[in-house]
Each structure stands twice: as structure tokens, then as C-alpha cells.
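You will see chain A twice below: alongside chain B first, and alongside chain C after that.
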Partner chain A sequence: MAIPPGVSNRDWQTALQQFTQAVGAQWVFTSDEDIALYRDAYSPLWGEPEERLVSAAVAPDGAEQVSQVVRVANRFRIPIYPISTGKNLGYGGSAPNLSGSVVIDLKRMNRVIEVDDKRHFAIVEPGVAYFDLYRHIQERGLKVWIDCPDPGWGSPIGNALDHGVGYTFGAYRDHFHSHCGLEAVLPNGDVVRTGMGALPGAKTWAEYRYGFGPTVDGLFAQGNLGIVTKMGFHLLPAPEAYQTSVVTVPRRNDIVPLIDIVNELEHAGLIGMPEYSSPLGGFGPPPPELAELLKRPGGPSEEDFDRYAQQRNRGSWGCRLQFYGSPKVVAAHLEHAKDRFNAVVAGATFQDGELLRFPLTQEQLDRVHKVAVGIPNMSIFSIGARTALNPSPSDGHLWFSPIIPKTGEAVLEAQRVFMDAFAKLGMPSMVSPFSMPATWMHRAFIFIMAFPISRTNVAQNQRNRAAFGELVKVAAQHGWGEYRTAPAFQDEVMAAYSYNNNALLRLHETIKDAVDPNGIIAAGRSGIWPRHLRRARA
Partner chain B sequence: MRAAVVIVLSVIVLSPRAAPAQSDTAVQQGNDIYQHWCATCHGRGPGNPGTTALAAKYKGSLPGILEDRTDLTPQAVRFAVRRGTSIMPFFRKTEISDADLDAITQYLTRRSGARR
Partner chain C sequence: MPSRREFIQAGLAISVTPVALPIRESVGAVPSIAPHASQPLYCIMCDTRSSWSSAFAREAERLGVRVERTSGDITDFWFNDLSRRWKDGPVAIGGLTAHGPLFCLERLGWDHGLRVVLRGTHRVLDTGHVEHAISGPSPAITAARADLAGADWPSHVARLVTRCPVAGRTTAATVRSSQPDSRRADVHDTLLSWVIAPKAAHVP
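And now, the complex of A and B:
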């Protein structure tokens, strides 16, 4: 059995006894077989000495048990690492930053505490999955939608706390932004409620997020000051109808007005999440003619790209617009959107989808993009799983997720910069002249890429880790930082946020030392290490 | 995802053993747990990456839908759930307990004995 770093065997045995008293023997996991289930299934360090492994796992059921467990950990200075549903795959899964930590597995805390479809909010525990919350709402016929990320098995709390994102309107798909009030167990075992929740008997915990005084909620997201045990979320009133329209623009430089107009529509609340693409892109190596163009010194010109698009009778860029509301509202917003594009972009074309009214028929459900209408599912894994086109799938993936501005110029710059970076690395590029960013964030793009992970090919993982680290540096040189990353890269990513001699990290460390003087909670999370481990690392 | 069950199954599936007696209740319980934890990837219809992956692997020689298989063994099911395969991760005991896993196994192997 592994022992947490810096803990004597005697203290460890005593702590395990006290963990058992707090949660029951069934919920303290120490066997090799059981703790192996807390490995990050998509670890880029899989099977290497640096892989982040746990010494034990403890699964409390309720904030009171969490508090008891934390008090034990604090007494014996045992590093602990909370997980909710443990499905943060590609960003760390269920494994800690510090090997030897005890995972506090909150999956048993799976109660939906309240959903209100008149005031449009929910309060949940961390073990609740998007599937669970959706089912709760459907079974009761409540007139609210949730905003879910691609895989529906994740936790609204866990996802929000890692700044996860979804698919509907901007105010909802930034999941931490849409949270309202939380309850957390602090390193000394104290239980704190934020916002209105600090007022005993408050009636608006999940509606007015500030309460009174400074807000501290953000310190618990990607942070390590406590274990969140409840959280409120604002929910979207269920719309009557939904319709998409794909706008396509003909020329390469049309990307600039395309994104400008979509920004205008989205920031005014007239559309949900836009989804960009290029009709010229696709999977696999470029066609021969494009490959020849790309070999030209300095790359293809705008005219080359425009000619390439014209020869294929395709546009250069497209964007799927999503409209929600009553049929009248949808029609009016769609008409306005077309007016705006037609006034600015010559040759813009539109392909309208069917107006869908809720509830959907089974046939409509089968073809709709479910997350766009608030239905959790797992279809995203079709991208990585074995298919006829992908007969040898990887064992997982690692997300590289730099944030870039929401402009056409920034997209074209990111394409050039990352294609050059891959060329210098001697690797096949994950970026093409037609790559478009992800749009989950309301006010910024994510120029996301997925590095494959192998459980058997260590050399491949090492190459990809080196490339990942290089891309973090390249991105930072251009003013782009990652919004989220796996533990293996959190120090590197935080190091890029270095303004004024790392003033932000120094502030985090000051707060960490004050709130968690024994440094027990999620040591190293987001590159924030407790004092005793900071010194060791210096 | 759990589609991954597929690969494992192809390795371990064919070890004949006498099927244990299975009560209707246990099989129904296994069905319920299977629908909760597994069918979101291994269900019928579009948007089920597990089913798609299995179909791509077996190319018609075995069903892509796990519930339609008659060749699954308890070992194969347990291995897939606790070890994962390909992009399907393994499941912790706070998600699928040993008792839940036994029930899922009973459900997925309910037809295996008849085949033998």
C-alpha cells in the first residue's frame, strides 16, 4: 500500500481508521486494484514514474462527512484531492497533481437538491451528473433546460469548477459564470456558504450570486482552497422552438466580417452558440492540389485560396447559427441575421434548417445536435472511438486549449503560428489553413487541438508532451494562454501567466498559505503549491 | 467509450464456462444498471459511439450492440468495466459497485449459456 508523501506509517494507519469511522469501511479504498481505478485513464504519463497516482480514496456522503474527512487529513497533514464524477478526461481525469494524495471521491453525493422552473435555477451536489439533472427535470416535466458539455456523464459542479463550457446561450454555456452560490469545506473542516447562502434562511441563494461583501467563489474554481459540496446554477427557460441556419461566405478574407457580424448577433443575445467551419476543410491529408499550394514559399495567397474554393464551387467559411425562442422570435432573429450578412458580405448564402418545436419527435431527436438543445449524451466519443474511418483509435487524448480573440484576423494568425510551430517540431500539423476555433466561450475562441494518448507507446507520449510544452510557449509569445489543462502541464501553463514577475501566482500562494497552512488540498492544482512543497521545488 | 468493451471482448470472449443460474430479478436489475451506465454509449440507434466502435471492429461477424451478444463471458465484461480499453475508461466502485457489476454481467451473459 502506498503512503502519502511526508506522512509516517503510524499516522497513516490512524488516519485510515478515522477515515473509516467517518464514512464506513466500504467507502475507504486502499487496495491496489481499487486505487488503480483513480488513475487518469488519459494520462500523458501513463506507466511512467512521473504518472500521478493515489495512495487511497475516500468517498464521503454529505458535507458533514467531507468535513470530518478533511479534519482528519488536516490533523495528519495528508494531501487530499477532490473529484466529483471524475470524468475530466483530457484535462486530468480523476488523478491528482501530487502523487500519493488521497482522492476524496464525491460521486456518492448525487442529490439534486432543488430545481425551480419559475425562477430558473438548480442546486446540486458534486456527484450529480448532467444525465442525472436532465432526468430529474424530465421526470417532473419542469420547463427548464440545462446547458451541458459534450459528454453527459460529467458533473455540473466539477465541470464548472474547471471552467468547463457548453452549447446554448453564452450566459449559460460558461458553466462557472452560470453558477450562483456554493458551499465548500475549508481545509480546517469549516463549512462556508457564499453569496446569499451566507445568510441563514436565505431565499435567493441560487439567484443572487454576490450576497454582500467581496466574492470569493472564483477561488474555488481551478483552485485548491476547499472542497465544493453544493452549488447553484442558473437555468435557461425551456424555449418553444429551435432553428439553425448555415451562412456561407465565398472569399478567404470574408472570415473577418463573418466573425464580426456573428459576434454582434451573439453578444446582443440574438443567437446561441455559433459553430464555425470551412467547406474546404476535412480529415486526413490535404488533397494533392492543396498540398502543392501549401508548399509555396510564404504559403498560398488569398487569391490562391479563393481560386481553390471557386474551383470546388464551395464557400471559404461557414457558420451554423442557432436560434431559440418562440417561432415568431426565431423567424425575426433569422431574418435580421440574414439582413446583416447580406448588407456586408457579397455572395453570402444561407441554408436554413427545419424549425423544430419542442418536445421533439424521436426522429427529430435522432438527428438533432443534442447538446445544442440541452440534452446530455455521449455521441462526442464517436470522434475518438473506432469507426470505419478510424480503425485504430488511440487510448485517449490530451486537450491543448489556447484562448484567442474572436476575430477573423486572430484565427488566420493562429493558423499560421501553429502550422509553423508544428513544422519546426517536425510533426504532422494538427492545424490547417481551414481550421476554425471552438466557440464554447462567450467572448473568446478556443483554438483547440487534441494530442493522442497511448497506454503502451511511452515514446509517443513523451514526444507529444514535449510538443505540448512547446505549443504552450509559442502561444504565450503571441498573447494566448490555455484556459484549462491536465495536471502534467499546469505548472507550465501557470508560468505563462507571468505578468509582473508572476504576481498572480504569488497572490494565489499567499492566499493558499493563509487558508490552507498545512497545504492539504489539491497541492499543485493550477500550479499553486503549498509552502512546504514550493520550497522543495525551488 | 464503453465501446471499448469490444476489444477486450474479442480477446476473452471465447472461454466456454458453464453459465451460472440467473434469476429474472437479477437480470432485470442488471438491465436497469446497464441502461443507466452503459447504454449511453452502447445503446441502439445513432449517437452511440460504443455500438459504432463494436460494429466497426466486427464488421458484421458479431452484433455491434452488446445486449444482442450471445458470446460474452463474465470475465470479459468485468475486464472491460474495470480496465477500460481504447478510449473507454475504467469505472470506479463509487460509480459501478462490485454488486452492480455482477448484475450487469448477469444481464449481458443472460443468453450466453443458451448458446452453449
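And now, the complex of A and C:
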């Protein structure tokens, strides 16, 4: 059994006894077999000495037990790392930043405390999965939707606290933005409630997020000042109907008005999540003629691209628009969207989907993009099979997720910058002149890429880690920063947020030292290390 | 429009090495388990994308085990069936599937006190032979070794999975089929055979 760093064997044994007193012997895990379950399944450091591993895990059943466990950890200066359902694959899983930390596994805290479908909110514990909340709503026939990520086995609280995102409507997709009020256990064991929750007997904890005074909720997201044990979320009133329409624009430069108009529609609340693509840049290797075009020195011109598209009677860019509401509202918003495109982009075309009324039939459910209508699922894991696109699948992936502006100019610039970066790295590019950003964020794009992870090819992992680090720097040089990353890269990403001699990190460290002087909670999370480890790393 | 699935496929297809989401488990040793009788399986899972898995399911059905079919997505089975059953108490399940279903079910099982106690990979080699690498309870693996070399290996795997005796010792074995398999063309992925059983059976 490993011992947490900086902890004597005697203190460790005493702490384990006290953890056991707090939660019961069956909820303290120290065997190799049990703690192996907390390895990051997609670790970019898999099998290397630097892989982040845990020493033990403790699973409390409520805020009071969390408080007891934290007090024990604080007494013996034991580093702890809270997880909810531990499914943060691609961004670190359930592994800590600091090897030897004790995982505080909150899966047993799986109570849905309240769902209100008149005022449209929920209050949940961290072990509640999206599936659980969805089931709670369905079994009671409540008229609200959740917004869930893909896959849906994660936790609303865990996802929100890592700034996770979903698929439906506006701000609901930004899961931390849609939270309202939280309860957290601080490093000294104190339990604090934020927003209206600070008012004993408050009636609007999950509705009015500010309460009174400075707002501190953000310090708990991607942070390490406490363990969140409850959280409220605003929910979307269940719409009556849903329809999609794919708008296609003919010319390469039409990307600029395309995105401008979609922004206008989305920010006005008329559409849900837009999904961009290029009809020219389908997946897989480009056809020979396009491959030749792309090999030209300096790349193809706009005219080349337009000619290529015209010859194939294809558009240059497309966007699937999603409309929610009553059938009348959906029809009106769709008509308005078409008017806007037709007024600005010559040659825009539309392909309308079927108007779906809820509840859906089984046949409709089978073909709808489930997360777009608030239904959690696991289908994304069925892509592991070999295909022509994916002939020798390997072991996982690591997301590189820079945030770029929501403009056509920014997308074209990101394409150029990252294609150049891959060329300089001597690697095949993950980006093409047709790559489009992910749109989970409401007010920004994520120009996301997936680096492969291998459990057997250490050299490949090392190359990809080096490339990842280089892309972080390249992105920062262009004003783009990652919104989220695995522990192995959190120092590098935080270092890129360096305005005024890293003033933000210095502020985080000041707060960390004040609230968690022993540095027990999630040391190193988001690059924020406690004082005693900061010195060692300097 | 691309789905997230297509997006990931595409992103990974053009990356340095093609990759898939789920971990591709090696046939690492499974943990030793306490001696007791074989676990009656709640059901077995058949991956309908593979004719081998279908043959496996037919044999399991003949042996009286309920079959759940999937084309890779476990959502319906998980949400409408297994998650409710495991809430009432852990029960063993088995399968011969591609990687995704096992990846998900194993992790979901961890949260309900279950572990993989038998794991096999069945991989088509360039020669067309099938290589079976299995780890699990010693007596079962030892007994099954010879049968796996034949063309009817999916039926033998069904018998191995459905009658998996849970014993204290585990072992690993690798067997190569004696003849190339003509059905290899329909294999979408390396298949995995598995049993997920209650952790209570583990040696403390």
C-alpha cells in the first residue's frame, strides 16, 4: 500500500483508522485491486513513473461524513482528491494531480434532493449521474429537460465543476453557468452554502444565484478550495416540439456571414446548439483531386475551393440549426432564420428535418440525436469497433481544447495556425481546411482535437505529450487558451494564462494559502499548488 | 452534419495513430477470487455485429441463459434493465462483445461491487488464424484450452462463460486456432469474452 507523500506511516495508519470511524470499514479502500480502479483509463502517462496514482480511497455518504473525512485529512496533512462519478475521460478521469492523494469518492452521495418543473430547477448530490436525474424526471412525468454531455454516465456536479458542456439550448449547455447555488466542505471541515443557500430556510437557493455579497461559486470549479456536496441547476422547460434545418452556403468566404447569422440567432435564443461542418471535407482521406489541390504550395486559393465545390454541386459550409418550442414557435423561428440567410448569403439552401413532437415514438427516439433532446446515453462507446476510418483502434484519447472566437475569420485562422503547427512538428495534421469547431460553448468555439493514447507505446505517448505542449504554446501566441485539460497539462495551460506576470495564478495561490493552509485538497488542480509543494516545484 | 461520433472517428483517423474511445484491454491477469460455485449469470450479452458473437449467443441460449443483444450501444440494457437489477444487488453477467460494451459495463460494475473475473481477447491475425488469450479461474481455463483451437470456438467460449467456475486461483492461457477462420471478414473488432461477477466472491 502506498503512503501519501509527506505523511509518516504512523500518521497514515491513524488517519486510516479515523477515516474508517467516519465512513465505515467497507468504504475505505486500500487494496491494490481497489485503488487501481482510480487510474485514469486514458492517462497520457500510462505505465510511466510520472503516472498519477492514488494511495487509497474513501467513500462518504453525506456532507457530514465528508466533513469528518476532511477534518481527519487536515489534521494529518493528507492530500485528498474529490471525484463524483470519476468519468472525466479525456480530461483526467478520476486520477489526481498529485500521486499518493487519497480519492474522496462521492458516488454514494447519489440523492436527487429536489426537482421542480414549475420553477425549473434541480438540486442534486455529486454521485447523481445524468442517467439518475433523467430517470427521476421521467418516472415522475416532470416537464423539464436536463442538458447532458455525451456520454451520459457522468455527474451533473462533476461535469459542471470541470466546466463541462452539453447539447441543447443556450446557457443550459454551459453546465457551470446553469448551476445555481452550491454546498461545499472547506479544508477545515466547515460546510458553506453559497448564494441564497447561505440564508437559513431560503426558498430560492436554486433560482437566484447571487444571494448577497461577493460570489464565490467559481472558486470551486476547476478549483481546490473545497468539496462540493450539493448543487442546484436551472433546467430547461420541456419543449413541445423540435426540428432541425441544415443551411448550406456555397462559397468559402460565406463562412463569415454564416457564423455571424448563426450567432445572432443563437444569442437571441432562437436556436439551440448549432453544428457546423463542411460538405467538402468529409471524414477520412480526401479524394485524389482534392488531395492534389491541398498539396499546392501555399495551399489552394479561395477561388480554387469555390471551383472545386461548384464542380461537385456542393456547398462549402453547412450548419445544422436546432429549433425548440411549440410547433408555432419552431415554424416562426425557422422562417425567420431562412429570411436572415436569404437576405445576406446568395445561394444559401436549406434542408428541413421532420417536426418532432414530444413524447417521441420509439422509432423517432432511435434516430434522433439523443443528447440534443436531453436524453443521456452511451452510444459513443460503440465507435470502438474497427472501421475504414479507424482501422486499428488503440487505447483512448486526450482532448486538446482551445477556445477561439465565434467568427469565420477565427476559424480560418485556427485552421491555418494549427496546420502549420503540425507541419512544424513533423506530424500528420489533425486539422484540415475544412475543420470546423465544436459549438458546445454558448459564446465561444472550441477548436477541439483528440490526441491518441496508447497503453503499450510509451514513445508515442511521449511524442504526443510534447506535441500537446507545443500546441498549448502556439494557441497562447494567438490569444487562444484551453478551457479544460488533464492533470498532466494543467501546469502548462495555467502558465499560458500569464497576464501581468501570472497575476491570476498568484491570486489563486493567495486564496489557496488562506483557505487551505495545509494544502490538502486537490493539490495542483488547474496548476494551483499549495505553498509547500509550490516551493518544491519552483 | 457530423455527429460527435463521426467527429471523433475523423479526428482520430487523421491523427498520428488511429484510435478509438474505449481502452483496449490486454488480457492482464484478473484478480483471484474466493472458491465457490459458478455464478448463475443474469444474462449474457451478444454483439450482433459479429457472427462469432451470434454463435456464442446461440449456444448460451441453448444452455438456458438469457441473451441481451447490442450493436455496440449498451444504453437501453443499462438504463432499462441492468442498472435497476444491480441496485437490488449485484448479479453476474457475461458476454462476447467488441470493446465498447465491456469497457462501459466493467466500469459501471465497479460502482456496484462487481469485477471482471474472466477476460479473453479473440483476435484475428494476419494469417486468418484466431488467437485466444484468456485469463480467469484456473480449472475453467485449463479445461477450455484445447477446445478453443477449433472452428467452433464461440460455442466453447459460451460454455466457458456460462459455466465459469469461480475458484481461488487464476491463470492465463493463449491458444491459436488450428485453421484460418473463414468468418473473419465480418469481424469489426477484436472480440472480448468476459464475466463480470460480484466482488463479494473475491479473496479479501
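Please note the rule applied: the second predicted complex is superposed on the first by the 529 of 538 C-alpha atoms of A that agree within 3 Å, B and C clash if a C-alpha of one lies under 4 Å from a C-alpha of the other, contacts with A are read in each partner's own complex, and residues count from 1 in each chain.
Operating definition for what follows: contacts are C-beta pairs under 8 Å (C-beta built on N, C-alpha and C of every residue); 3 or more make two chains touch, one makes a residue touch a chain.
Computed from a prediction, not measured in an experiment: that's the story for all the values here.
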Superposition on chain A - do chain B and chain C clash or fit: clash
Contact-wise, after the overlay, does A:Ser382 reach chain B, chain C, both or neither (first, second, both, neither)? both
First (chain B), second (chain C), both or neither touched by A:Ala343: neither
Answer with first, second, both or neither: which of chain B and chain C does A:Phe29 touch in the superposed model? first
Check the residue A:Arg463 against both partner chains and state whether it touches chain B (first), chain C (second), both, or neither. second
Looking at A:Phe131 after the superposition, I want to know if it touches chain B, chain C, both of them or none. Which is it: first, second, both, neither? both
After the superposition on A, what does A:Ala41 contact: first (chain B), second (chain C), both or neither? both
Given the touch rule stated above, what does A:Gly396 touch, chain B (first), chain C (second), both, or neither? both
Touch check for A:Ser94: first (chain B), second (chain C), both, or neither? first
For chain A, which side has the bigger count of touched residues, chain B or chain C? C
Name the residues of chain A shared by its contacts with chain B and its contacts with chain C. 33, 37, 41-42, 85, 87, 89, 107, 131, 153, 377-382, 384-387, 391, 393-397
Touching chain A in the complex, chain C uses residues 1-24, 26, 31, 49, 71-75, 78-79, 83, 98-101, 103-104, 107-108, 110-111, 115, 187-189, 202
Mind listing the chain A positions that touch chain B in their complex? 27, 29, 33-34, 36-38, 41-42, 57, 59, 85-87, 89, 93-94, 105, 107-108, 127, 131, 152-153, 366-367, 370, 377-382, 384-388, 391, 393-397
So in the complex, which bits of chain A are touching chain C? 33, 37, 41-42, 85, 87, 89, 107, 131, 135, 150-151, 153, 246, 275, 277, 283-284, 318-320, 369, 376-387, 389-397, 427-430, 432, 438, 448-457, 460, 463-464
Residues of chain B touching chain A in their complex? 1, 3-4, 6, 40-41, 45-50, 52-53, 56-57, 82, 84, 86-95
